[in-house]
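Letters A, B, C and D mark the chains in the order given here, with residues in each chain numbered from 1 onward.
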Amino acid sequence: MEYVTPQSASEASQALLQEGAFALAGGTDLLVKLKTRFVSPSIVVDIKRVPKIMTIEQSAEGWWIGAATPCAEIVEHDSLSKDWSGIVEALSLIGSTQIQGRATLGGNLCNASPAADSVPALIAAGATCVISGQTKEREEAVENIVTAPGITTLSKGEFIIGFKLPKPKLRSGDAYLRLIPRSEMDIAVVGAGVSLSVTEDGKIEAVRVSLGAIAPTQVLLTGLEDIFVGKEPDDDAIQKLVAVAEKACKPIKDKRGTIEYRTKIAGVLAKRAFAIALKRANGY
Amino acid sequence: MNDMTQNNLERALKIVGTRPPRPDGVDKVTGRALFGSDKSLPNMLVGRVLRSPYAHAKIISIDTSKAEVLNGVKSIVTCADFEDFPSEFVPNGEMIVNLKDITRNIMAREKVLYVGHTVAAVAATSEDIAEKALGLIDIKYEVLPHVLEVEDAEKPDAPVLHEDMMTIGIEPSPKKASNVAKRVEFGFGDVEKGFAEADLIVEREFTTQQVHQGYIEPHACLASVSEDGQADLWCTTQGAFVVRNFCSKLLGLSAAQIKVTASEIGGGFGGKTVVYLEPLALALSRKSGRPVKMEMSRAEVFTSSGPTSGAKVWVKIGVKNDGRIIAGDCVLKYQAGAFQGAPVGPGAMCAFAPYDMVNVRAVGYDIVVNRPKVSAYRAPGGPISEYGVESVLDEIALKLEMDPIEIRLKNAAKEGTIAPYGPKLGPIGMIETLEAAKAHPHYSAPLGPNQGRGIASGFWFNIGGETSSSITINEDGTVGLTLGTTDIGGSRASMAMMASEELGVPMDLIKPVIGDTNSLGFNFLTGGSRATFSTGMTVVRSTREAIEELKKRAALLWEVDLNQVEWVDGHARLIAGDEPKTMSLAQIAKQAGKTGGPIMANCSMNVTGAGPSLGTHIVDVEVDTETGKVSIVRYTAIQDAGKAIHPAYVEGQMQGGAVQGIGWALNEEYIYNDKGELENTGFLDYRIPVCSDVPMIDTVIVEVPNPNHPYGVRGVGETPIIPPLAAISNAVSRATNIRFNELPLSPPKVLAKLMHG
Amino acid sequence: MAQLILTGSLKSLANGVAEFNIQARNVHQLVVELKQICPVLAPLIESEGFAVAIDGEIYQDILFAPIGENSEVHLIPPIGGG
Amino acid sequence: MSKTHVSTCINGDTHEFLCDTQNTLLDVLRHELDLTGSKEGCATGDCGACSVMLDDRLVCACLVLGVEADGKEIETIEGMSSGSELHPIQQKFIDLAALQCGICTPGVLVATKALLTKNKNPSEEEVRFWLAGNLCRCTGYDKIVRAVLEVAADMRNA
C-alpha cells in the first residue's frame, strides 16, 4: 500500500485517479475497513495538506468548513456554533471525543452511510459542498451526493474540499436529534435535522426537514411548505409533519432497529427537532 | 502456638477496613504493567486462527499444503495435533471437565459447531503472512442445518449437534440423541399442595439474551516450547494453574513441563477461566521451535470465546394474602452453546435462595445450540433465574399492595433457613441488606414523571477451594508475599493489608507478587468470589506461622521460653520480667541467619466455609414513552461483604457488577442472522454501558461477618450482577404500568410493548 | 445417627427415598457407604464431582471433612463462579 | 514491502522509524517502539484504550496511520509522569481506587488530562460525556468520575 500526501487539489485528484486509490481525511472509517480487511487499497491519498481543506472561514455569504477539519475543531468554533447550532450539535454526536479529534464532515458524507449524523443537519440547512476534480471545481447540494449506501455521485478523482453554509436568516434556527440506544458511541437508529425561519409575527417563513437512517439515503421531506409556510405551527401542523416523516420512511430491519420502530421514531424526532429549531428561531 | 483459626472479629483493626493505595497502582497508571499482549520474545512468530464460516457443518477435508509452502509460514496445526479423549467427566483442578468437548472446542474435529469455531492455526513471521496463509488453507465442509434458540433446539426434529448426547437426569434414560444435555432438579416440600393453599398465584415466562463478559483486554498469550519439551506460557488468565492443567492434558505434556505465568489481566469476569489460544500457541511453538504470540481480535472475542447463556425462564409463585410465599416453582432452559455445560445448575439452586421456602422446586435444562460454548460470567446462572423470581415477586407485591421490601423481609432467608438446594444456611445478611435499603434516603426520595423505582435482591454462594501462598521475612525487615491467584481488581492490596494487620508492620513494607505455576502449590483460579476469602485465609495462616517463628528467634536471643514471648505491634515482647523488653521484626530479621536461617512460611489448603453474599439494589429509571428509551436516574447497591478488607475495592466490585447488570438489562445482546452469524461483533453494536449512560452508583456495605474467616470475609464479586436485571425491569414496569418480561429492555422492545402491550 | 438427605433430582434418582441413616464419619467413608446403600449415586460423586454439605457447611473435594454423630448431610453439585 | 521513513516527537523525544504504510500508530507504538502502555481493546476506535494526544488532540491511536505521525507531536501514557513524580491525575486514580484491572486506565488518564487542559472545572455530565469513548468494564465508572472531579478541584486550587 502506497501513501501519498499531495500538497494541492490537482495533485490529490491525480493521485485519486489511480486504480485502488482511497482518500484519507480523518481515517475513522477507512482505518476500520483496513483493519478488518474490508478494503485493501493500493494507494492511500492523505488529502489533509490540500489548501483550505482544514480551515473554517466566515464571509458575507456565510461559512466555509474545510472537508477535512476535525469535528472537535468545528465544535470549538463559537460563532459558527451560534449560527448553525443544529449542524454543530449533529457533528458533535459523531463518535467519542477521540473520534471527534479526527472525524471530518467530508468523510461523514462520503462514507455514504444512511445513518451519518451530520448529513441530515447539513441537508436541512441547505448546505452545499465544493468538489475538487481533475480539471475543475464544482458545487453541489449535499442531498445530491449520496445515491445509495456506500455510493456517491463523485467521479473517480473527485473529492470534497469543503462545505458552504449560507448565512442564517434573521429569526432562524436549526436543530438535530438522533435516537441511539445508549447516550453515546452508537450509530443513529434515526436522525432528524430541521432548519426553519419565522416571520416577525411568528409564522413559518421557510422550513427544511431531513431524516437519516430511515431509507437507503438521507431524505429531504417534501410537501412541508403547504403545511407550514405562512402559518403559525399549531398541533395540527405538527401532526402532519409527523405523518409526512413517517411516510418518508423506507427503512430496513437490522440489528439497530425494526421497520416499525424506525418509522415511529422518525415522526417523534422530526417533531422534537422542529420544536427546538422553532425555539431557537424565536430567540429562546 | 498461635491459633491459626482464631478470628479477629472482635479485635480493633488498624489496617483492615482502611483504604490504602494498592501495591500495583503505580504500574497501572504509568503504562508499565504488562498485560497479555504486552510481552514479546526474540525470534517470535505471530499466530493466527482460521475459523468456521458456518454455524454447523461436517468437516470433509482439511488441506494445508498450499499454506505450508508460503514463505514465512513456520507451523500449522489442526485437530491432528491435539490428543483426543473419550467423553467422560474428569477433575481438572477443581473443575469437572469433559476433555472430549474441550479439545473439540479449541480445535474442531469432525464438525464445526458455531461460526467462529477454530479449525486451524498458523504461525508465521508476520501477521500479514499468517493472514495470507489462512486464506490458503482449503477446507471442505458439508453444511448442516443449525439451531440457535433453546425452544428450537429441544424440538424432536431439531438438528442434533452431538449424535451421542443422551439427556442425563431423565428416567427412563432416552434412547435417542438430543440437544438436551441434562435435566436437574432441586427443591423440597410439595409445590402442588402449596399452590392449592395459595391466595394468589402469579406465573410468568421470561426471556434473556446471550451476553458477553465484555472484558476490555482480548485473550492473548505468548508460548515458547524448547526442543527438550519445556514450555513457557505467558497469558492473560484468571488461573495460571488451571491453564497449566488444561494445556498439559491437551498437549500430552506433564505439569512439570509447563510453566504458566499470568500476565496482568485486563478483566475476566469468568471469561478467562478456560483456554482458547493457549494450547494453539503451545502447539504452534512446539512445531516451529520458536516463540509464538497470539491475540484475539475484538470480533474473535465475541464470536469465539465464552459468553454466558441466553435463556427461557418460567416462574410460578404462590403466596398467602399476608405476602408469605407458600410455593415457588421454576423451569430454566439455558443455552449451553456448542457443548454442554450451561450454568443452569447454580441458576436453579439460587433462584429462590434469598427466601425461606416451604414448598420449592427448580428444574433446569442444559441445552446445546450452535453458538460459542458458554463460559462462566459473574455469578454464572444466577442473574437469569433470579431475574425471573424477583420480577414475579414484584408483581405479587403490587397485586397485594405490599411494599416490595416488606414482602422480601417477610420471606427473607436467615441463619438456619433450609436453602432450596438442601442444606441449612449459616449466618447471612439478607434481612440486613433489606433493612439498609428501607432506611436509605434513596428509597423514600420522590420520583418524577415517567419514572419508576425497582427493587430486587440477589443471592450467590461463593466458594473456597485449593489455595496456596507463602510469606518471606527479608533480612531488612521487609516482607514478601507470593500469591497464586490472579489479581483482577486489587487483591494484592487486600492480601498485603491482612498480612500487615497480623504482623503489625506498615503495609508499605509488604510486597505482594503473583507467582508463576512453579512457585507455589496448585491454586484454583480467581473466580467465584474466592480470592480475598481463600487466598486471604492462607495469607493470614502463613503470616501467623511466620510470627511464631519470629517469636521463637526472639526467645532464643533472650534465652527464654517461647511462651514468655508475645507478638505485639510488629514486635516480640517479653511477657514477664522487671523491665519491658521488645525486639522489632526488623531486628529479629537481621539476625535470622544466625538464629536458624531465613524466615518463611507457607500455607496450602483446600479452603472451606465460604459465606453466601446477599445484595439488594434500588434503581430509579425514566422511560421516554415516545421512543421507549430507558435512562437510569439513580442507583443504590447494598450488599453484605462479611467484612470489607479494602472498602474501596468492595465498592468497586458492587459498582462494576451493578453496571454490568445494567448493560445486561438495557442493551446488551448477541444478535444472530439466519445463517447463524453474529451480527454485532464489536463494541459499536454490542452495547456495554458507557460513562455517560450511568449515574453514580451509591453503595452501602453491610457487614454480617462470615464466622469461618479470620476477618469475617465473604466474597463480593458475583452477587452485584444479580439484582440489576430484575430491579431495572421492575422499575420500568412500575414507571409504565406494563409488566416487562424480556431482556434487554432496549428502546425498540420497550416501545413495541408500550404500543402493543 | 447422621443422616444423608436427598432432594430434587437426587431424590428421584434414589427412587424417591429422601433420607438415609449413615455410619460414615467423613466424606471418604460416605463415598464407600453410598455404594452400598444407594449405588446409583456413587458414580455421581466420583465422576461429576458433587460437593457435600455437612450441617450446612459446603465441602468441595474434601475427602476427610468430618461427619458428626448427628450431622445432616446433603449432596449438591460443585459450585464455580466467574 | 516498502517501508516509509517517519520522524516524530513522542513524549518530548525524537523518534525515527520505518513503518509499513498500513500499520496504525498504535501498531507502531506497541510493536516498533515498545511503548505498550497504550492498549488495544478493539482496533476500531470503540474502546479508547489506545487514547493518545496527536498534536494536542485526543485521538485513538488505532485510527491513525503510523505514516501520518510524520512531523507530529505525540503524547502517550508513558510521558505523563515527570521523573519520579506521578501526575496528580495518576496519583488521584490510585488514591481513590479508580481502577480495577487497569487495562482501560492509560487511555482514561490520557483522556482526562486532555479534558482538564481544556476545561478546568468540568461538571459531572461533562466528564461523563468526555469519557464516553473510554470503555471500562470493571468500575462502573463511579470512582473514575469521582477521581476526575476531585483532581480537577485539586488542580484548580493548586
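Here are some notes:
Criterion: a residue touches a chain if its C-beta (ideal position, glycine included) is under 8 Å from a C-beta of that chain, and two chains touch if they have at least 3 such contacts.
As the structure is a prediction and not an experimental result, all values here were calculated from the model.
Of the two chain pairs shown, A-D and A-B, the one joined by more C-beta contacts is A-D. Chain centres here are Cα averages; for subunit B and subunit C they lie 26 Å apart. Rounded to a whole number, the gap between the C-alpha centres of subunit A and subunit B is 44 angstrom.
As a whole-number value, the distance joining the C-alpha centres of subunit C and subunit D reads 55 Å. Residues of subunit B found to touch two or more other chains are 213, 268-269, 683-684, 689-693. For subunit D, residues touching at least two other chains, in rising order: 43-44, 46, 129, 131-134.
Shown for subunit C are the residues in touch with two or more other chains, of which there are none.
Under the contact rule stated at the top, the pairs of chains that touch are A-B, A-D, B-C, B-D. Interface of subunit B with subunit D (complex): residues 19, 21-22, 24-35, 37-38, 40, 128, 213-218, 264-269, 295, 297-298, 488-490, 646, 648-649, 651-652, 655-660, 682-684, 688-694, 696-697. Residue ranges of subunit B in contact with subunit A, taken from their complex: 131, 299, 626-629, 631, 666-667, 671, 679-680, 683-685, 687, 689-693, 746-748, 751-752, 755. Within the complex, the subunit A residues that touch subunit B are 36-37, 179, 181-187, 189, 254-258, 260-261, 264-265, 268. Interface residues of subunit D facing subunit A in the complex, by the touch rule stated above, are 2, 4, 20-22, 24, 43-46, 48, 51, 54, 57-60, 62-65, 67-68, 111, 114-115, 129-134.
Listed in rising order, the residues of subunit B touching subunit C in the complex are 88-91, 94-96, 169, 171, 183-188, 213, 268-271, 273, 343, 345-346, 349, 361-362, 376-380, 421-426, 460-466, 527-530, 606, 608-610, 708, 715, 717-718.
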